Amino acid sequence: MTAPDINSPEEQARYRRGSDVLNAVDGGAAPGVMASLADIAPALAHHIVAFGFGDLYSRPALEPRQRQLVTLGILTSLGGCEPQLEVHVRTSLNVGLTPAEIVEAFIHAAGYAGFPRAINAISVAKKVFAERDLLPVEET
Amino acid sequence: MTAPDINSPEEQARYRRGSDVLNAVDGGAAPGVMASLADIAPALAHHIVAFGFGDLYSRPALEPRQRQLVTLGILTSLGGCEPQLEVHVRTSLNVGLTPAEIVEAFIHAAGYAGFPRAINAISVAKKVFAERDLLPVEET
Amino acid sequence: MTAPDINSPEEQARYRRGSDVLNAVDGGAAPGVMASLADIAPALAHHIVAFGFGDLYSRPALEPRQRQLVTLGILTSLGGCEPQLEVHVRTSLNVGLTPAEIVEAFIHAAGYAGFPRAINAISVAKKVFAERDLLPVEET
Amino acid sequence: MTAPDINSPEEQARYRRGSDVLNAVDGGAAPGVMASLADIAPALAHHIVAFGFGDLYSRPALEPRQRQLVTLGILTSLGGCEPQLEVHVRTSLNVGLTPAEIVEAFIHAAGYAGFPRAINAISVAKKVFAERDLLPVEET
Amino acid sequence: MTAPDINSPEEQARYRRGSDVLNAVDGGAAPGVMASLADIAPALAHHIVAFGFGDLYSRPALEPRQRQLVTLGILTSLGGCEPQLEVHVRTSLNVGLTPAEIVEAFIHAAGYAGFPRAINAISVAKKVFAERDLLPVEET
Amino acid sequence: MTAPDINSPEEQARYRRGSDVLNAVDGGAAPGVMASLADIAPALAHHIVAFGFGDLYSRPALEPRQRQLVTLGILTSLGGCEPQLEVHVRTSLNVGLTPAEIVEAFIHAAGYAGFPRAINAISVAKKVFAERDLLPVEET
């Protein structure tokens, strides 16, 4: 059994493809996460980009706004993923979901995952929206 | 403390509003669940319709296809919700998500909730798609 | 599909009923949560009160102390719900559960949800009990 | 490091104490589980009885009906614990919770853990209640 | 954004590397899962092999028996992953974990994830062990 | 029903056995947790030691490094157990798992529980490794 060398030309090509996708959607939200992995688990950072973005996120069957709705649903119901939810609230804004749509995904989640998970997700969104001067959110 | 009488005119009006939403989106997938609650928890059936559909699902900030994407993400990552996932795969088809989009939501979930949750959700979709003669799913 | 106007007389009546229940049980623990939702998801705050307290909590089949035991069990095992657990430790005290009963619910949870979830819940209780000068808890 | 011999007099005494508690509350619901562990993990069966019932359940700070409410909350929100939930619906009836109280615990859980978990728990209760001719459940 | 063509030479090479790892450890337990994905999500099957086994499982920092211990811990505590747990009990036997070690991982999990998750995992192991005539398991 | 007196000679003997195991593996990481329980749930602290370490951890079927791999898998996938994960990263180092093995358990978890859980676990490890001057971790 041998694992791929993440510095090989083939893996670097995979990384670049993933990196292009990531840059197209996240508007600079993710680099902090990636940098924090550099001295402890660089291979995980590589695979998040190469597999998560290059292989999965790049697939055309769902467009980025749709993927973000799925992601917001997942991260809300998993619980304990506030750091990732913060990244994905930023990404959601960046790909064009409105603040009202993001909040609505969390309100919707209340019915399926309960009020506590919904409240925790909205707390994360509130922090991001406050930084970007997006409060108050106008309900439709 | 008194709870509302679910047979009062006000609650029946709320129920009808929710029922209209439910009928508009689920294409007949939910009645079995509601009927099964009738002799044990009719108030829960009432609230699923009046609150879940009348109060939450009816909100215009997300359209039904978007809500279904959030729902598929939630139910996949919660785990152990195969019966609800089956209902929502049917509802997703009914509101216009394609089989490829539904499957893609589950593939996307693999990165955030792991392969086992994704595989379990796809098993549910496969059962529904087989009944409706929607296999094989053409990947985009 | 139209969602109810949360400012309509009917919804305001539902809200008042829920608010009466909430005030009767929480002893002032919840307003902070509700206020924090005001500029981002006022409809969620409305539904937590109108549905969560007005429709569910108000039901007479369980009295408040019994509901709090169920709630403590749920929040402990969900994990990642420390903010909600803090509110509900306060509510539990307010409706008459003793510190020893609250702690016992968490010790009991160790067998069903494992030691880590139990320890996390007890950490939350400890914070609340310390503020109220309820430590040490006398074991029965 | 040496583990205790579960057949030692000390451990057998612990087991008997737990077994007395178990027999007092479960009305014969648990032996099937214990028997199924005999040829694969007898130590786990021992510890469930000696620790779970002898050490935890026996504690006087909560009475059995209260413990069952906590347990129903935990098992509902964990998800995927239908076999254990079935045992504990039986135990709950045996210690004196009414069918309406058991159902109410699950309806209450809808607000904190979402409708799917509540529906799954009620499905388990329905099976047990049907076997005992306890349907329909009269709502209070 | 373009996703990789899973039939390209580069991806087929990645697939073969993963497939070699999978064949080396699973002893034929996984093909059923892979085949079931062929007409609905072939890309997911590709990525489970290419990424899950080729990129992750192949890494030398843990040997297969160690990876299986981590995997058994994860699947037990996630809950609702009985089909995957069955595959991984077989894989665990195949890479050299003894029945007693596998059972011990589940008993150990009782302390961290609670008795219900441990019991459910042991039920899966019992089914596999029965098929392979490995019962009773001799406790060490 | 009577619970055991945790100060009885029998229980103190059980506690000492567990304490010996705990001291042998944790290298001083756990006392803080135990001390924090002293004024609120001393019985839980007793049972964590007497049952968790004396009855479970002491069993010879898995050696400490193996148990830690199972534990790291469990705590990663449960989510929201960062305090316990921190204790167990320290314990893992203490029983002889290398930093690279600990990190690898978390990278491995990405495939089964998703990237967010893996990243959260690695963040905890990074904090512990930084304190012990173990960064950067050399990947094998």
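Couple of notes before you dig in:
Should a chain be cited, it is by its letter among A, B, C, D, E and F, assigned in written order, with residues numbered from 1 in that chain.
Here is the rule we use: contacts are C-beta pairs under 8 Å (C-beta built on N, C-alpha and C of every residue); 3 or more make two chains touch, one makes a residue touch a chain.
Predicted model, so just to flag it, every value in this text is computed and none were measured.
Shared contact partners of chain B and chain E, listed by label: A, C, D, F. Over half of the residue-numbered contact pairs at C-D are shared with one candidate from A-B, B-E or D-E, namely A-B. For chain C, the chain whose average C-alpha position is most distant is E. Between chain B and chain C the CA-based rotation angle works out to 180°, given as a multiple of 5. Between the CA-based centres of chain C and chain F the separation comes to 30 Å, rounded to the whole angstrom.
Averaging C-alpha coordinates per chain places the centre of chain B 39 Å away from that of chain F. Averaged Cα coordinates give chain D a centre that lies 27 Å from the centre of chain F.
Among the residues of chain D, those in touch with two or more other chains are 43, 47, 51-52, 56-57, 59-60, 74-75, 78-80, 84, 103, 107, 110-117, 139. If each chain is drawn as a node and touching chains are joined, the picture has every node linked to every other. Chain F meets chain D in the complex at residues 1-4, 10, 14, 17, 20-21, 24, 43, 47, 51, 54-60. Note for the complex: chain E touches chain B at residues 33, 36-44, 47-48, 52, 74-75, 78-81, 83-84. The touching residues of chain B, when paired with chain A in their complex, are 51-52, 56-57, 59-62, 66-67, 69-78, 84, 100-101, 103-105, 107-113, 139-140. By the touch criterion stated above, chain B contacts chain F in their complex at residues 110-117. By the touch criterion given at the top, residues 79-80, 103, 106-107, 110, 114-120, 122-123, 125-126, 129, 135-137, 139 of chain E touch chain D in their complex.
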